[in-house]
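Order of writing sets the labels: A, B, C and D. Residues in every chain begin at 1.
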Amino acid sequence: MSETNRAARSDGDEEQVSGAEVIAQALKTQEVEYMFGIVGIPVTEIAVAAQKMGIGYVGMRNEQAACYAASAIGYLTGRPGVCLVVSGPGLIHALGGMANANMNCWYTECCMPPPVSMAETSAICMAATVIRNAKKPLLIIGKGAAYAHAEEGIRKLVERCKLPFLPTPMGKGVIPDNHPNCVAAARSRALQFADVIVLFGARLNWILHFGLPPRYQPDVKFIQVDICAEELGNNVKPAVTLLGDINAVTKQLLEQFDKTPWQYPPESSWWKTLREKMKSNEATSKELASQKSLPMNYYTVFYHVQEQLPRDCFVVSEGANTMDIGRTVLQNYLPRHRLDAGTFGTMGVGLGFAIAAAILAKARNTGQRVICVEGDSAFGFSGMEVETICRYNLPIILLVVNNNGIYQGFDVDSWKEMLKFGDATAVAPPVCLLPNSHYEQVMTAFGGKGYFVQTPEELQKSLRESLADTTAPSLINIMIEPQATRKAQDFHWLTRSKI
Amino acid sequence: MSETNRAARSDGDEEQVSGAEVIAQALKTQEVEYMFGIVGIPVTEIAVAAQKMGIGYVGMRNEQAACYAASAIGYLTGRPGVCLVVSGPGLIHALGGMANANMNCWYTECCMPPPVSMAETSAICMAATVIRNAKKPLLIIGKGAAYAHAEEGIRKLVERCKLPFLPTPMGKGVIPDNHPNCVAAARSRALQFADVIVLFGARLNWILHFGLPPRYQPDVKFIQVDICAEELGNNVKPAVTLLGDINAVTKQLLEQFDKTPWQYPPESSWWKTLREKMKSNEATSKELASQKSLPMNYYTVFYHVQEQLPRDCFVVSEGANTMDIGRTVLQNYLPRHRLDAGTFGTMGVGLGFAIAAAILAKARNTGQRVICVEGDSAFGFSGMEVETICRYNLPIILLVVNNNGIYQGFDVDSWKEMLKFGDATAVAPPVCLLPNSHYEQVMTAFGGKGYFVQTPEELQKSLRESLADTTAPSLINIMIEPQATRKAQDFHWLTRSKI
Amino acid sequence: MSETNRAARSDGDEEQVSGAEVIAQALKTQEVEYMFGIVGIPVTEIAVAAQKMGIGYVGMRNEQAACYAASAIGYLTGRPGVCLVVSGPGLIHALGGMANANMNCWYTECCMPPPVSMAETSAICMAATVIRNAKKPLLIIGKGAAYAHAEEGIRKLVERCKLPFLPTPMGKGVIPDNHPNCVAAARSRALQFADVIVLFGARLNWILHFGLPPRYQPDVKFIQVDICAEELGNNVKPAVTLLGDINAVTKQLLEQFDKTPWQYPPESSWWKTLREKMKSNEATSKELASQKSLPMNYYTVFYHVQEQLPRDCFVVSEGANTMDIGRTVLQNYLPRHRLDAGTFGTMGVGLGFAIAAAILAKARNTGQRVICVEGDSAFGFSGMEVETICRYNLPIILLVVNNNGIYQGFDVDSWKEMLKFGDATAVAPPVCLLPNSHYEQVMTAFGGKGYFVQTPEELQKSLRESLADTTAPSLINIMIEPQATRKAQDFHWLTRSKI
Amino acid sequence: MSETNRAARSDGDEEQVSGAEVIAQALKTQEVEYMFGIVGIPVTEIAVAAQKMGIGYVGMRNEQAACYAASAIGYLTGRPGVCLVVSGPGLIHALGGMANANMNCWYTECCMPPPVSMAETSAICMAATVIRNAKKPLLIIGKGAAYAHAEEGIRKLVERCKLPFLPTPMGKGVIPDNHPNCVAAARSRALQFADVIVLFGARLNWILHFGLPPRYQPDVKFIQVDICAEELGNNVKPAVTLLGDINAVTKQLLEQFDKTPWQYPPESSWWKTLREKMKSNEATSKELASQKSLPMNYYTVFYHVQEQLPRDCFVVSEGANTMDIGRTVLQNYLPRHRLDAGTFGTMGVGLGFAIAAAILAKARNTGQRVICVEGDSAFGFSGMEVETICRYNLPIILLVVNNNGIYQGFDVDSWKEMLKFGDATAVAPPVCLLPNSHYEQVMTAFGGKGYFVQTPEELQKSLRESLADTTAPSLINIMIEPQATRKAQDFHWLTRSKI
């Protein structure tokens, strides 16, 4: 920084480098590409200075969303995302974003890419032996594998050893969801009966039921691959721990299986069990999806969306059932192309994440689309960012899956009937939102396209049109059965504790 | 609480009191009337239990706004407002609200009304003497006076002693703004030349320029009346400090002036100076307000609003120029009927505050209206709460004073012209928002009335209609000159540092 | 501070004011008299600059003790005490002191003396009425009354209305302990049967058994007099609360009883009950004190100390039984002359407190002595401060009441016997300390006088000599029965939870 | 823990497991060997329960020292040390210890030993290449190398490649200080001119002058070996970073040099420069050490101590000059046998560290001695722990190097002269302590041996006697020249900023 000052001063007596320029220069040096925020006195000058340096500035509508966007750009690019806020209330509004992700944020130090570490050779050998001796092996691919860019190695390992695998929500796409070895459709079964589970950058948190019975065998052996020593041995005592860069460790494992090739028998009873369960689960889903009754149910909606989903799109999602069911139906084919409410279950992240992904796709000119699948309650947390989307003309497709409530709601007639019994503050169930809200008008208010759809045909048509228009955003407000829920779960009581 | 349990248990063996009911009962005991929040597992049951106990539940769209609403209800009713959020991200989103106001919030202890304390008798005598000897006295009436319900006493003091007074933003209405002794229209002059200033629950913060020159005389004598000892002597060394309940202290002062009656001469040169300055300032404002050019300027807009403003309405406001200029034109006639972004300058508070006020007016059946005056940027922070307004059918009138930006913006043509030079992230000034955004459609999306107004006539008509319909909300999107600013200030550099 | 700078600069071009001098000047302006601390780079210069300004610097041996000393000087003088520490470990060591007292410490803002507030007149009337109607009234005089310098008023109230009173530990001396209306010797009885209790700056914390049954009547009426609104209504719902400066409120009460004089009948059965209980308790104590067996017990020790205690001395104390029993026997005759481990039960405060009191007595040339009564375990927390005492030649008399342990210990023979069974880490009870430790040598090591006493006669003689020498410190190491405890309590289980 | 409960319960209906026992059992499961603390209600029972489980309990005199002892036992054994304190003040007193070391303390989770990670193969190659190409190589061996038990590998590397090395304070002994390749005596020169520096678990903090000019070449290449990614690249941009277990990475480097053997020429000009500088520095030190004048200087003292120092002893040290100069003279021959005030420069750690080391040596029956070298000011922070030493009869030898002050002090005559000018609080330099304090009496007070020494002969004799008595502690109070300082430094201004 001192060099910058010196250079500037040598140009002439009058020229001065402002604090804002110094900050912008420092960010540029850290290869920051984008800054998200809301200006105000005295940070407006920083945004202007950043633009002059070639850093893109994206003005948002609430610091919450700005911070979520900045964290997403960090995840997608591996470079720090910056969130610009005023002190006081602006900073406090941004706390949600900072808590949600260990993002690299304003006032945060940036650093050079960390060096790569590998696992101990003896531990690699032991892990390979445990895998070879497994009767019912399973790989679980987590967000950490995506972040480590370990997709090539893990795919080779899966294919060479013919192992079944399961992605976590943000591990989806490290290997394409439609890979024949993906057993996501038999998730509960796979977890419950596996005898050896290899975790690639996946934590045994509530999403994975903490690795505990009855969702797992009491004597299941875990092999943990992680960059973070503090994550190892959480909740369970692993059989083998491989501490190191997930990509590097995967390559070490591959070398091991190169020396002494081995593959898990494709005709084993374990594979048979998994395939049968997948088949039956897929049949149930398809059955639900094909129901003709109106309003539509979740499965019908997502099957139609999946049919038109471009293979290279980004999928962003948040909500309760919308996110959970959508994840089982919507496929990811590329790593780091799914962003959702994550471990923390934070509502309000969707639009910020979508904006970050769309800004990136536009800047890199990849033509990739961003599909943002929102529950109607989730959309309310940051719906005003639609103006940001329109202002930057980002061709995001927002799907609001609308059941008139949180978890569930009322149809219009029930709502009106209810109001006869008293004031809404007294009689409306706390989960209810206004029935038949026209969220699509929040999009048309700012010049984007809006669709209010009630039938599969309307859904198909609106999706087709939205995908065809590569220059403008659209919002499809999809009315579903207000009392619709997911299909029966084997562990309903556990699932409910999700959010 | 144990009594509740015991009572419930005596009803029968099987009957159990849930934790949610215990919490709801405890809140009821504290005379909580309303709970604002967003439900989720596991707090939904608490909301339901509260409704059963007769506590009104208002479901909001973001914890930020919920918390602002809860703090406003606390200010308006003097009883704790409750904000219900889920742990983790919900709690973090609510921090803004908690920081913004020392509200009584979820997990917060409640307590009995505090006892009243009075100022020392000798200090009262000294204060009276200082006032009697003042050459250029001034009273400043702050939010603390409103909170202490000191309106009757302060009005008597003003009228009996014939003293000029000035309200702070949320002190407006303690005495009606149109009272002949109100010198708000000569605010800068009054502050700058007063030799004795009595502060009733008003802090010498940035809003009052810290009590320092050049905005004040270097030897001005401050008399501070406050309930909070920690506030006394901040920034300046007061001549007299009166520690105690503001209402009680005011009465002590009145008794003093009852014993030895005194009044400040209405024909003094100080009164003359103030009246002249008020006259000239009001003329300038009126001149600005009467400009016929389009788009309208701030003064034109607010003069038309003021003409139709019901005397008993609540005025809520947030924004930069919108709030600052609006405050000078829009009159308050009742105490505790103005709520704005306050000392902390927090954006995003407006809709939560408006909802709280409207819920109260509805519950008390007063027929009072809530007018919520928002800058366009400010509206973006919590605009989705319009759905909440419509769901509870609250007849709030939202005015969005729209200059296409933060502080200022571009008109449509300039915006389009600018985009020829590059991507918006690179070339759009960080203060710019999308020009001609149809914020009124965010209202129509949920069934409320929306108006897009560009002329004084359209503004008058839309206001008239909105006020006439006492059953439904409306949003009037008022387009003003994108580069419009306030009239010239004597201390422009200080004013800029406001937010 | 800017004036200081300006003044200094006008003296000449070359003269510069260092940061250390600016800090010292600022402290001087706040009327700081003493600074306690430990120097190190870079704060040595601040200590030197303070000395130049006339602020006394007292170098201590551990930041813990420095901070306790600074807090005591604040309590005794009403002006901020300053604690000077280096950053990092020095600051962390000082945290104990900062937590122990809301002292005004390094980096803390100082302020002018707060204005005086009074209670509402109607509340005063109500309080007087409640007192007049009391059948079994009791006043409790707390540390707050001492801090408010309310001694004159409270004494008048006690004597005019002939009411029984009880001091809290640091409220001792507001009225002399030997005042005929003091019912400390019947403490439990007084608390348990009183029907009206007036609290003057005393909190209903564990020391006062939280104001709850069985230590109090379930329907006892509390009248709380306090400067701090947050303290009112803690734990119990008071009948009347008088918010204001304790001295001012006491005068308001006195005026009330001046208008309509009233006194509580000295021949009431309540007074009779209390006097009888006092008599019987005092007899029991005297019986214990007169036991001739050796080693001595606590009562024997304290009775001999009390006999020689100068009426105007400061009594500092810490420990478990040593502090508790000592408090019942050692009398205070002046307000603010007792300092002990307080509400928080902090060990390690004694020597710092004693140093502060002695520094003050020396500076004011009052000839007052400081008697510091320490348990042997308590002395270990900051015993090295004896060097500080000797360095500044402070004539403090340290009494270490030594039972070879925490709560209790072993005699030498038992200790040796025990060690036959294994290593001390394995077999020594955790409460044991080394038997017959010669703590008095810690004093002689630095040139003070040391006494190892085992009999009443030795104790009397050593005390006499110590009091006679007004120029040097001494430490009397008093060996007592290692298993000695207090006399039987009515509520033993409650008493045990004290520390 | 539930198994424990179940087992216990099956023994009989009446038997109950207390909370204290459950805690003690959990600590035992974590292989805790020792607990340090101060008991009080309600933690006494935990100490007793721990002893029953076979965990040694060491009762200390101040929680500060207890926490330092617990952290040292953790460093020495690799297993968690436990510090037992009461809540409130006890916990606050312990904060110093917790801040001083990332120790495993009470309420802290314990975990299995972390897996070993290795550096990336390519990075190892690159590091080897950089080392091979170095003109002026230097290894720096830090505390991390000691903690990783990397002594064998690093010694092989040094000897095989014939590289000069330098230990950091707590890296001393990983390779014996008297190893011919140790260039500690030419420390400043070695740092200043090296062109390649390999850091083994050493941080570029103030002790290593942040790795910056003028203490280093501007273009020096750093190779960092560390387990902690966050440490890499701090302050400087390293040429190569090797992330992984330091022992494992060292072995990887050794394998590299096994494949292609290489050694740095012992006759290089770099080695010649270093050897010459070492010779001249050693001559200067010897010159200082041999001065016959009295009082002694630091070098005389330490040379005599070094002569008698057992090769396998633990050296503990704290102070300013005492620690800095002592470190250059006193030799370590074994890894993890030096404990000092460390990076944080914390005063008060010495006695706790010494107690921990002595407890360990006694338990393992190694006959190793602990030599604790204290400055006089440093000793004052926790001198009362001498009672703990005596109680557990730990044969620690305490050396108090006494210059009557912090950094420097006054002799007795100067002190008396000074007091003629005013009160000590006004005139005594803040660095002064009481002259000729007999710290050795703090030892004799508790039955240990004490020596007051003023000449080399007295020092030799007292040391000889102390070492000969393997069953009892002793304290040697060594009077040195009060104004003695270290020999001239090349970078005096930098050195001053040390503490």
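In the analysis below, a residue touches a chain if its C-beta (ideal position, glycine included) is under 8 Å from a C-beta of that chain, and two chains touch if they have at least 3 such contacts.
Worth saying up front: this structure is predicted, and the values here are computed from it rather than measured.
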Provide the labels of all chains in contact with chain A and in contact with chain B.
-> none
Centre-to-centre on C-alpha atoms, which chain is most distant from chain C?
-> A
Report the inter-chain centroid distance for chain C and chain D in whole angstrom, where each centroid is the mean of the CA atoms.
-> 39
State, to the nearest whole Å, the distance from the C-alpha centre of chain A to the C-alpha centre of chain C.
-> 60
Chain A and chain D have mean C-alpha positions lying a whole-number Å distance apart equal to 48
Among all residues of chain C, those touching at least two other chains are none
So what shape is it, when you link every pair of chains that touch: line, ring, star, complete or other?
-> ring
Mind listing the chain D positions that touch chain C in their complex?
-> 34, 37-41, 44, 47-48, 51, 54, 56-59, 61-62, 64, 86, 88-90, 92-93, 95-96, 99-100, 344-348, 359, 362-363, 377, 379-384, 387, 390-393, 406, 423-434, 437-442, 444-447, 496-499
Residues of chain A touching chain D in the complex = 111-112, 114-121, 123, 229, 232-233, 237, 241-245, 248
